[in-house]
Structures are given as C-alpha cells and as structure tokens.
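Two complexes come next, and they have one chain in common, subunit A, joined by subunit B in the first and subunit C in the second.
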Partner chain A sequence: MTFAVQDSNGFAVVQLCGEIDLRNSPEARKLILTSLKKQKHVMVDLSAVEYIDSSGVASLVEGFQYARANDLEFGLLGVSEAAMNVLRLARLDQVFPIYDSLDDRLSHGG
Partner chain B sequence: MECAEELATLSICSCASRLKLLRSLVRDAASLAGLGDDDVDAVVLSVNEACTNIMQHAYRMDPGGRIEVTLLDDGDALVVRLRDYAEPVDPAAVYVRDLEELRPGGLGLHLISSLMDEYGFLDPPAGGGNLFQMKKYTARDRGRS
Partner chain C sequence: MEEAIAVDEVRPADLPAPPKDAIRLIQACSRPDLDARDLGRIVANDPVLTAELLRVANSAYFGLVSQVRSVARAVTVLGSRALRNLVLCIAMRDALRRDSIPGFDLDLYWEDALRRAVSAKALAGIVGLDPDECFTAGLLQDFGLLVLLYIHPDQVPQWQRLAGLDPEQRLELEADLFHATHDEVGYLLASHWDLPADLAVAMGFHHAEIPDDISPDDALLCKVTTCADWMAAAYGSEDKRQVIQRCRSLLEAHFDIAADTADRLLQQVSLDVQEAASVLGIRVGEQLGFEELMREANLRLAQDNLSYQELTWRLEKALAERDRFAARLRRELELAREVQRSLLPGEAEQLPGVVGLNVSAREVSGDFYDFFPLPDGRIAFCLADVSGKGMNAALLMAKTASLFRCLGRGVHDPAKLLSMLNREIAETSIRGMFVTMVAGVSDPHTGEVVLANAGHLPALHMGCAAVVAEYGAQSPPLGISPEAGFSNEAFNLDGGCLYLYTDGLLEAPVEGGGRLEQAGLLRLLHEYAHLPPAERVRSVADAARAADGTVEDDLTLVVVEGNERHGMC
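Moving on, here comes the complex of A and B:
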C-alpha cells in the first residue's frame, strides 16, 4: 500500500486508499505529519478508503492536534461511508473539519 | 454454551500484516452465524480492534507472539474468543476512556464497547496468557429472515 500526496492551490492533499489498519497506519501518520511540516494547509482525502480502524483514526487525530498546536490547517475530504461510520463511533465527525472535496474547501475561503 | 458450534479458528502471529486475513475470516463467519450486514461490519471492526490491542499492548509489537481467534455460534450469539500468551492483563486496568479527551490512543475499546453486546476477559487460561471474549447477539437477525 502506497499513499500519495498532491500539491494543489496551496494545499497538500494526502490521499489514503484501501484498508487502513495497524499495518499501514504508521505510513499514513508519517505522510500526514511530514506534509504538515512542509505545508500550512493539509487535507486528507478519504474518498477511496474502504476500511479504517482505530490506528488509522489515531493518525488523523495526531495530524489534527499537530495542526492545532502549530497554527496550521488540517481537514478531511470526501470521507467515504466506511470511514465516516468509524469517525461517528469515535465522535470525531464533529471534531474534524470535513469537506466534500478540495473545491468545496476552497469555496469556504479562508 | 455446551451446544456452541465452532465456526472457525485461526492462529496468527502477532503481526499487523495478518489483520486483513483475520477480517476476511471473521466477515464470513459472522455472515454464516446469521448476522445482518451492519452487525457483520461491527464484529469485523471489533475483532480487528481487540487483536490490534493484543499486538500493541500485550505483545508490544513483538511478531513472535501468537494469537488464537475462535468464532462460535452458541445459538443466541456469535461468540469471539481471542487467546494470547502474553503477560496477564489486569482487567481493572482496561477501561473505556472518556472521548471528550481528544488523543490518538485508546479508541479501540471504545469501539468494541459501542459495537458489541458483551465483552470482557474470561478467567486466565491454563498455561498463562489472556482470554478475551466478545458476543454479538444473532437471534434478532434470525427472527427477521
């Protein structure tokens, strides 16, 4: 499993895909934190995530906390139903900024 | 419980690369037990979380550890037992944390408590280690079909 990062309109978009579990969540965490150290605005695209467990969610929480502590922006894009179900159970759907897409985020300004 | 039918048993090393294989088996076993789609997803995630906890906390990511997962249909519930050979866990030290506290760890047990009908440690097995059991009731789903 290899995740990708794309730069677009001043945003780094980390694209996670497939099944995120303890096997690959360290890679996701590293990619998210590395992106936050390079770019002020980081979005994680979860539209192609088929499964995510607590270790994957923990990677997102770490990114969110790092961004908040360093005055950076962190959000989620196109959260798949599978991922949203887990975020709801963890009561994080109201914590993370969530957008349909990068265009949706850009339309919010800021 | 004496009529429990064993659906499947899987013995895996404490290695994260085995989680996908485990989820696949659990998904099929939960369907076989008569659970609906949402409940199947709930069991798959819960077993994944319980196994992840064993790998991270009981075996401290040592891939030499062994985990045995047994799935039973006891007539009323799908029963999942996870047995490890790590240092005994103090059940009192394992609790569902307050989600108001935003931090990366400790979500697994919260997910299990939200998704399963029963969960907890059974008496320590002979030979040491830990035995964790979860149940998801099936009778309701069977009544619908």
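Moving on, here comes the complex of A and C:
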C-alpha cells in the first residue's frame, strides 16, 4: 500500500488508509515528516483508516511534536471511527487538533 | 555494400593520398583482367620495388621452390595472383611515409599487423584458401586504424592502450576516440584507393556481419581475418587468458578446429612473426614465445583463482565476525533483559494487596509495572506500556521505571506524579515515542484507592461477580505534550479488586481464532476469582500464552486488593 500526499490551499494533506501498523507506519512517518519539512501546514487525513496501532499513533505523535518544536501546524482530518476509538481511548483526541475536513479547518482559521 | 557502412566522421578528403608509384601498382593489382606480364613490366620499371619483390619472393617464408633472379622469372614462377599479393604488401607498407603520422613509429602498427597476417596465413591451409592471399588480408585488415591515427594524430598517445585491448574492446575505444572504427574507415579507404574487392570486403567486414552478396571465398576470408584478429590479440593484449579462450571458441565455431590445433596455430604465429618481419623489412621487438604466452595466461588464471580464494577467505572472516557480533549482541540483550527484570518488583518485594506479572515477547520489553510501600502504610503502584518495540522502547521503559521509583517516593498524589513524569519524558522524547501509564496509591486497610490514567487502557474495578467500574484515561499518554493536565479518581475497593493490564493481554490469540479481548479477560478473571492473587494472575497469563508458552506481544497484569477482600467469590 502506498499513501499519497496532496497539496491544497497551502496545506499538505497526507492521506493514510487501511490498516496502519508496524509494516507501514514507517512510510506514514516519513511522509508526514517530509511534508512538514516542505509545508508550514500539514494535515493527516484518517478518514479511510480501518485500524491504527501504537506504531501508527507514534507516527502521528512524532509529526505533532515536530510541528510544535518548529512552529508549524499539524492536525488530523476526518478521523474514521476506528481511528477515533484508539485516539479517544488514549485521550489523544485532547492532543491533536482534529477537523472534519480541510474546509472545516479553513473556516476555523489557524 | 558501401551504404551498409556508415562513416559519419571520416570523409574521403580526410584520407591520406596514396603515393603515385604505389597507386599505379595497387590499381593494376585490382584489375580483374590483370595480366602477370603487365604487372611484371610495371614492377620492372621500379628498381627499388624490383629488388624488394625478389627478396620477398626468394624468402623461405613465402616459400618459392626455386630461387628467382628476375621479375619476369618471378611472374612465371609465382603466377599473377601471388605476385599481386606480394606487390600489394610492399606497396601498402610504403603507402604511408614513415613520418606521415607525427610522433608515431609506423613499425609499432606493422608489428601488430604482421601478427594478424601470419595468423591468417597459418589458417589458410586448414580452411583451403591461398596462404599469401590470407597473409595480405591479415596484414591490411586493420589498415583503417593507421588511417584513423593519420587523421587524428592527437590520439597517437592512445596507441599503447589500443594495442593492449582485445579486438572488441579496441573497436569500442576507437569509437570513443575517433567516432569511427578501423573497419569502416578501412573499407572507405579500400574503395577510394581501388584496392581489390576481396581485400576491401575483408577490411570492412572482419568485425561485422558478413554480407549475403559476396562470394563464398570472400566470406571465408572474412572469417579468417576475424579469427586472425583474435589470434594476434593473444600475443598483443593484456588479458591473454580471456583472448586465448575466445580464440579457441571462435576457431571451433567457424572452422571446427579443436583446442589442441588452435594452440598449435597460436604457436605457429609466434614462430612466424620474426621471419615475416625480416622478409618484409619491418622492425619488430622481441616476440613473446608460445610457452611464455601460456605461462602469462596461466599466471592470470592463477591470479584470478587467488582472488577467488581471497574472496572466500574474506567471506569466511566476515561470517565469523557476524557470528561473534551476534553472540555479543545476544549477551548484551540478556544483560538488558536482566536490567529490566531488576526494575520490576522481585520475589522478595511481594506486598500483601498488590501482585504483578510480566511476560515479555522478546529479549527486552516495553511493558513494566512497579509497586512499593509508602511510609504511611499505603502502597504506590503503576503499570505502563511504552509505544514501539525493541531497544529504544526498552530504554524508555527503563527511564520511566526509574523516574517512577525515584519521584514516587516523595510524590504521593498520582495525578501530580504523572504530570511530573510527563514533563520529564516529553522533554527528551524522540521519534514520537510515548508511555501510557496508570499510577495509583492504595490503602490496604481501608480499601481506598486514588489513581490517574495517562492514555492507558481502563483499569477494571471488579466486585464479586461483575465489573463495578472502569477507570479509563483522563489524560493523553506521557511524553507527548508537556502541558497536558492530569486528574485523579478516588474510590473504595469495597472488598473487590482492581486490575491493570496491557494490550498484549487483550490481543492474545485464543484457541479457535480471534483475540482474548476484554470479554475474554473478564471470563478468565471470573473463572480464577477463587484463587489467591499470585496464582490468579499466573493462571490468567498462562491462559493467554500459546501452547509452547510464548506470547506474541508483551503482556503485563497487576491486581490490587484490599486486606478485606470479599470471602470466596
């Protein structure tokens, strides 16, 4: 599986999908970090994620920490129910800025 | 046929002009209706050429049965064809003046050409062609290279390189240096100078595919020159072993010549070069004998074998190194595991009211639990799971465990303790690693518990028969956000017990497929409720192991009880 990155309205949107686990979380991590090195605003779209394990969550956490350390924006878009359950269980929904969609993020402002 | 050869970089105007005397001879030689007496007359007009021709014709190498003293006699004895070939050799040898290529000793080229000539002549008998004809073709087949050097005298210093290559490599280097190759240019020159058609074909096609529209004899001559090229290269090239092998396979493919005959032919070459050179008045250096040739080739073989042996030796050394490294790594991991074990409460530290168990899936683990008594008689306890696997997780586990023991002795408020741990871990967090943790303080006398949950699975408060309450995370895991807030939950065990566990337990595979999940865990806890706590956690953990006793993921389970647990539930 390969994940995609789309540029839209000054945002890089990393599209993750399917099951995010030890096998593909390194790729997710790399995409998130390279996007953050190129773009000031990076969103990770989790709408098509069916499962995410702690290594996948760690990739998101790393993106979040990198963004905070470098004064960049990092958030999640359209988090699927499966992913949201994991995030909510660990109270990570309190940590990540979460939006329904990129439009939702744009109407909220930075 | 001319269109078949593209010579983009060399125009006819670039070619050397043939000397007038020579060209008359050459053109006369090319006439199909050549009359030996006409040729004899032309030769006789040139006293130098006459002397030269008689010397060559009388040599043993060109094998006249009887000595001739006049051109007329030579014409009679040799016949027009042989005369033509001798005249051509002499005329072409002198076609370029000695100083026509600045800085280049033409004899270097002719020595190389002679090896091809004697090779071709050695083959003639076997393939049924005229020996002198083959000799001439061999002598002239690479004449194009001389022309290329004439056009590009700046490349003269490259001669040594060219001479040391095998015929194929040489062609490639020519293409690089001159943007043309000697066969293309040779063919162009042959047609420009009106060389006989059979020689032109041999000059133009000893590297290329032989055209369909030439006579069988001309095609055979092409093959002879191809083989002669490689035979000569056995003596001239650097990598003799490879070239000799190629010679043998070419001779077998083209003429069905066996390897021992091929070697004999090669031997002939070394014997003939000196003689042919002295007949043709070409200065050649010391020639490599066949024995020396084979010795050099075998030396090369030995060198190759030697490097193979060295390769094997290096590989063995690398493998041994790897094994040593792996053994050391294993020892290090065992040590790491020992250190980790030391961070968990030991047998001697058993406390009434708290029991824990950790089963790790690999040498080092990312799970841990701990408990210790506080001065006021209460017990501080925790259970944690570090994200990720392997050594980095193990090291973060060690750090977190140390911080918990160190700070937990002074800070008895779980939320405050987690907040301090969080800041410490967040400060040095790398690669998004984090720790989920439940930390608490219990009073075994009163059954009062205070706990805080940082991103971990819910703590289960079990009554006699059912779950009384679940205490899920109120805060994110440790190490993500330094400013995260933490809060406590306080409750009374009321004779029940509190279970803390890691996801390795819930995700343990069960017989018949699927995972244990929380429902399975509750079933096990219920099933073993009658056992004392230490046996209970062991039984639950055993049920989560595979048949061979291993686990897929680290699993950890802690039970906290009050002194007054409900009787036998």
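As a convention for this text, the second predicted complex is superposed on the first by the 110 of 110 C-alpha atoms of A that agree within 3 Å, B and C clash if a C-alpha of one lies under 4 Å from a C-alpha of the other, contacts with A are read in each partner's own complex, and residues count from 1 in each chain.
The criterion applied here is as follows: contacts are C-beta pairs under 8 Å (C-beta built on N, C-alpha and C of every residue); 3 or more make two chains touch, one makes a residue touch a chain.
On a predicted model such as this, the values are computed, not experimentally measured, just so you know.
Undergrad: On the A-aligned overlay, A:55 touches which partner chain: subunit B = first, subunit C = second, or both, or neither?
TA: both
Undergrad: Based on the superposed arrangement, let me know which partner A:27 touches: subunit B (first), subunit C (second), both, or neither?
TA: Neither: A:27 stays clear of subunit B and subunit C.
Undergrad: Just to be sure I read the superposition right, which of the two partners does A:94 touch: subunit B = first, subunit C = second, or both, or neither?
TA: It touches subunit C, and subunit B stays clear.
Undergrad: Touching A:85, do we find subunit B (first), subunit C (second), both, or neither?
TA: The answer is first: A:85 touches subunit B but not subunit C.
Undergrad: Which holds for A:73: it touches subunit B only (first), subunit C only (second), both, or neither?
TA: neither
Undergrad: First (subunit B), second (subunit C), both or neither: which does A:65 touch?
TA: Both: A:65 reaches subunit B and subunit C.
Undergrad: Where on subunit A do the contacts with subunit B and the contacts with subunit C coincide?
TA: Common interface on subunit A, subunit B vs subunit C: 22, 54-55, 57-59, 61-62, 64-65, 89-91, 95.
Undergrad: Please output the residues of subunit C touching subunit A within their complex, sorted ascending.
TA: 385, 387-389, 429, 431-434, 436, 454-457, 472-477, 480-481, 484, 503
Undergrad: Which subunit A residues qualify as touching subunit B in the complex?
TA: Listed in rising order, the residues are 19, 21-23, 51, 53-55, 57-59, 61-62, 64-65, 85-86, 89-91, 95.
Undergrad: Please name which positions on subunit B make contact with subunit A in the complex.
TA: My answer: residues 16-17, 19-20, 23, 41, 45, 48-49, 52, 55-56, 99, 102-105, 107-108, 110-111, 114-115.
Undergrad: Which residues of subunit A touch subunit C in the complex?
TA: 22, 29, 54-55, 57-65, 68, 89-92, 94-95
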